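Next come two complexes built around subunit A: one with subunit B, the other with subunit C.
Moving on, here comes the complex of A and B:
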């Protein structure tokens, strides 16, 4: 899963705007309490991914996270003894002790897992739709050294992955196949790790001769006029953040799990309204398809 | 003119090394010169370039003595990043020289590092892209580019700040002949039109000598020769024959002087002497009996005294039926050591890499697979070794296929040479004396021999030995040793299949050449027929002799024969 420029409004937006938009969605999920809001945010992130033409990549991450959400819910139900609504009494279960399974613990764990799923999906969207080079320029304005480390790390990952593929092929070409099963995999890992330092040195040498050592803070990028997409996604991110803050301060669409499930601050109707507001402000920038080509 | 690069008494030893890589080097490169650095591997070429870029000593550490000044900047006081304003650098491996994800960002990167404003960056990117002909790649992801395209992008990044000096370390070693020639022409254009000083380390001198003003030969860390190309060739003819270009060697063997620096000069010299190789009766056999003088005996070491087939009169170069690919007969396929029967490889959601390949390679046959990057050479070898499966068609082998992939380092999984392969396998490649050393402490040639021992180290001898680009970065002496080793394997009954971009090596090593394009053979025949009839996929000797000889000694015999004919007339 990696960034590839596609014809979409999100790809056409500058990294600062696109990144802020994805981060605002993740922040909204972290702040949300009501299950309706979390489900709505998950749908908005997936709709955003579809609008950016990366639904398959983001959907894969969401599908990978779904079982983890279930695991979190189950574990929470096993270890948390709060909640009035008992679903089952399991008695003494080592190492958990006396276990009473409660509906509240199950719902709390499920909401936590769902929140994690939305955050992971938002960052998956960030990874595949926000230009990392542009992001690096933004980062360099804040810290040259951190940007250097980030550049080395981001470049090294695909280089080492390619090295691993080659070493694995070479292992298969050996007359002894370099061992079998786990031993063979360990041998390949060891060889790739051995190469990593050489590779890192090559990339670092290239950075040096490209003048990275003299890079000045704030010297990079900038100056590019703000496009309609830059403005739209930046405004959308600001609106999502404003809605999130408002929902917490007001408060609206609250939800309490312990000791008993209880919708507060306007309940489900407020949650539905909040989701609709999120959907409008988040998805509107994706409707503008002018000037989105690479 | 003033010196853009000056070295005074430079001696340098890498950290942890026993011997210095540079010994008391003093030289100057003037502004606007195009200088070729030649010499055998490990002679100090790369270290000299790294000293000029400031990586030595700032990046590599070690013990450094002497002075290097680049554009007036002393490298002891200025690091690589400062020197990058004056000198752009390009190394061998394009993979580790491209840092960012899009071509545009890659070209902008050095300019941004120097603090140029957005307008200057945009202009610099545009200029570099136009100068290198990569404007259409600007918005492409660097991960999607071919090796040749990546190397151009890396050169673009090196040139983006319009440096006065460009340092290049074997930039064509991983490119096909087309991309390699284009890169050299690009450098020539930079040098001639914009006055950029070029310092280029290169093994295949026939590619760049005609464009060079000067050649510096490095040997054992010192300067062995520093002369104009023609004087260098005279020097090489007398004392370092492995550094001669094929055309110069052909002239020397034929007793002609002065040595030519390129194909055009060679043809002109022959015409001035009244030797017309375009005449119909110029097509001669170059077997030993037709060769005059002392060339006669040596022909057998220079391509086995093979015969360049007589082209039908009036037929264009390359039109021989001998090189037309054909579907092998059933009996041929059954007797073959390796056969491909209508083999396709179609990528899911992508293009077809192999398109119905029909090929049969007999036991003991030596075959060179040629073609530009992406033509399907490596894919074909991977299918033969079972690393990839065809999506259609069938592959048959008469036994085990031992495949040596491009980088021998990928084969090393242990800390000791003796643990990588058995003692008999090491002895077979002449490495029994280094069994206790670490594989990465071996020289480039030794590493390749060790990798060969690893893939051949089985109870059952390999029916097919495949090698993918085995001569990358190799000097001529190492290539000659590899040629001899492969001939020995073939004599033992193994089919040898070599994917290579190097026509000179292909002419030496193979008795049959298969030229691939778009995943299928477009020429298949004796080396003499395929390599004599092209522009790119032809040896320098073939280009000079109009395809009538492949290798220098064959060419010399032809010239001697023609010379006699002209005198007789």
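Moving on, here comes the complex of A and C:
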């Protein structure tokens, strides 16, 4: 899963705006309590991925996270003793004492897992739809060295992966298929590690020649002007954050899990209203399809 | 057949689907300062199947906040653990007058259990292993849902105080055996030791009281000669010392070398025969309710720790 420029409003937006938009969705999921809000945010992230033309990639991450969400729910139910609604009694289990499986613990774990799934999906969308080079240019203003290290890492890892594929293919092309088992894999690893060291030396020499050791901060005001997509996603991110803060401060769409499942602060109607508000402010920028070409 | 046996074994082990049967006839007391100020006093609290002490509290007490993953109570009705006037204060619970070894989420509530949550200063001790304020528990419904045999051990089995204590237990429907002090088989037995302090202090568990609340959990310290009983406040300081005619009703438990805690031992004692008689007379629910222990002075019960400044 990697970034590739596509014809979508999110790809057309600058990295700062796109990144803020994805992060705002993740923050909204972290702050959400009501299951309706979490499910709604999951749908919004997937709809955003569809709008950006990366539903398959983000959907794959969501599908990979789903079993983990189930594991979290089950583990929480096994270790937490809170909750009034007992689903099953496991009796006295030394040294834990009375162990009961409760609906509340299952729901709490499920919500935690769902929250994790939404956050992971939001950052998967970030990964595939936000230009890492543009993002690193933004970061360079804050810290040149960190941005440089991140740039090298993001560039070198795919290169080393390609190296590994090439060496592996070369190994298999040998008459004896290059051997089998751990010894063959170690041979490939050794070749790739050797290449990595060579490349590191080359990169260091290049950086020195280009004077990166005396690198200056990039100018804050430089670069291209803000496009309509930049402004739309930045405004959308700000609106999502504002909604999240308002929902916590007001509070609205609260949900208490222990000791009994209980919707508070407006309950489900407020949660539905909050999801609709999130959907409008988050998905509106994706509706503008003008000027989205790569 | 095998399936039926497995199902039977599972049910016997307390396993099964759903909440299971409710514990009937339970009572809940929530108080502060060693029972001095009741917050919740409910003789018919709401219960659910397989309730734990924590669930019973959450069903019936206002605004219960927990910590450490829900295993410990932080506050009830806004009364929060921490420090008060520089002294540590927290919530503690007792089931049938016995402090639990595990968290409230692990202790199951059984039929007839009396659950008592108390918020108090634990600067003198955080370990009060047994209290008398849930009388006639633990004698009626026992420990952890298991009724235990009761034995009245008297310094003088023919004394009036010994008969008074035994008769009061009989009135409660408890067939208590009588015998001499320390002569009984004590494992899985609730003991009530009756007699003047100098006559009963030879019992290893009872002698703990002379070491003070940090060891015994009782806020009264009888003198070694048994002529005086010093009453202590919540901080473990002596507030007054009572002389002849003073009675004492308290309960404690002892740990063995393996850190195993014994069943509670109740003490009905006094500085002299008159004091023991006064204590025996005070052995009833009305006098003991809501107290960790009591001294009897001038025929009147004095709750311990002593609140006289």
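Everything that follows uses one rule, which is that the second predicted complex is superposed on the first by the 252 of 294 C-alpha atoms of A that agree within 3 Å, B and C clash if a C-alpha of one lies under 4 Å from a C-alpha of the other, contacts with A are read in each partner's own complex, and residues count from 1 in each chain.
Going forward, a contact is a pair of C-beta atoms (placed from the backbone, for glycine too) under 8 Å apart; a residue touches a chain by one contact, two chains touch by 3 or more.
Small disclaimer: the values here were computed from a predicted structure and weren't measured.
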Subject >> First, second, both or neither for A:169, with subunit B first and subunit C second >> reply: first
**OP:** Check the contacts made with subunit A and report whether subunit B or subunit C touches more of its residues.
**Re:** B
Original post:
Thinking of the overlay built on chain A, is A:98 touched by subunit B (first), by subunit C (second), by both, or by neither?
Top reply: second
Original post:
Touching A:258, do we find subunit B (first), subunit C (second), both, or neither?
Top reply: second
**OP:** State whether A:80 touches subunit B only (first), subunit C only (second), both chains, or neither.
**Re:** second
**OP:** Mind working out whether A:180 is in touch with subunit B, subunit C, both or neither, as first, second, both or neither?
**Re:** neither
Original post:
Can A:4 be said to touch subunit B (first), subunit C (second), both, or neither?
Top reply: first
Original post:
Should A:207 be classified as contacting the first partner (subunit B), the second (subunit C), both, or neither?
Top reply: first
**OP:** Can you check the complex and tell me which residues of subunit A touch subunit B?
**Re:** 2-5, 131-134, 136-137, 151, 155, 158-159, 162-163, 166-167, 169-176, 178, 187-188, 190-191, 195, 199, 202-216, 219-224, 294
Original post:
For the complex, which residues does subunit B have touching subunit A?
Top reply: 53-55, 58-59, 79-85, 88-89, 91, 93, 95-102, 105, 109-110, 112-119, 139, 141, 143, 157-158, 161, 382, 385-387, 400, 402-405, 407, 409-413, 451, 454-458
Subject >> Residue ranges of subunit A touching subunit C (in the complex, touch as defined) >> reply: 79-82, 84-92, 95-98, 100, 258-259
Original post:
For subunit C, which residues count as touching subunit A in their complex?
Top reply: 10, 13-20, 48-50, 52, 54-55, 58-59, 64, 66, 69-71, 102-103, 105-108
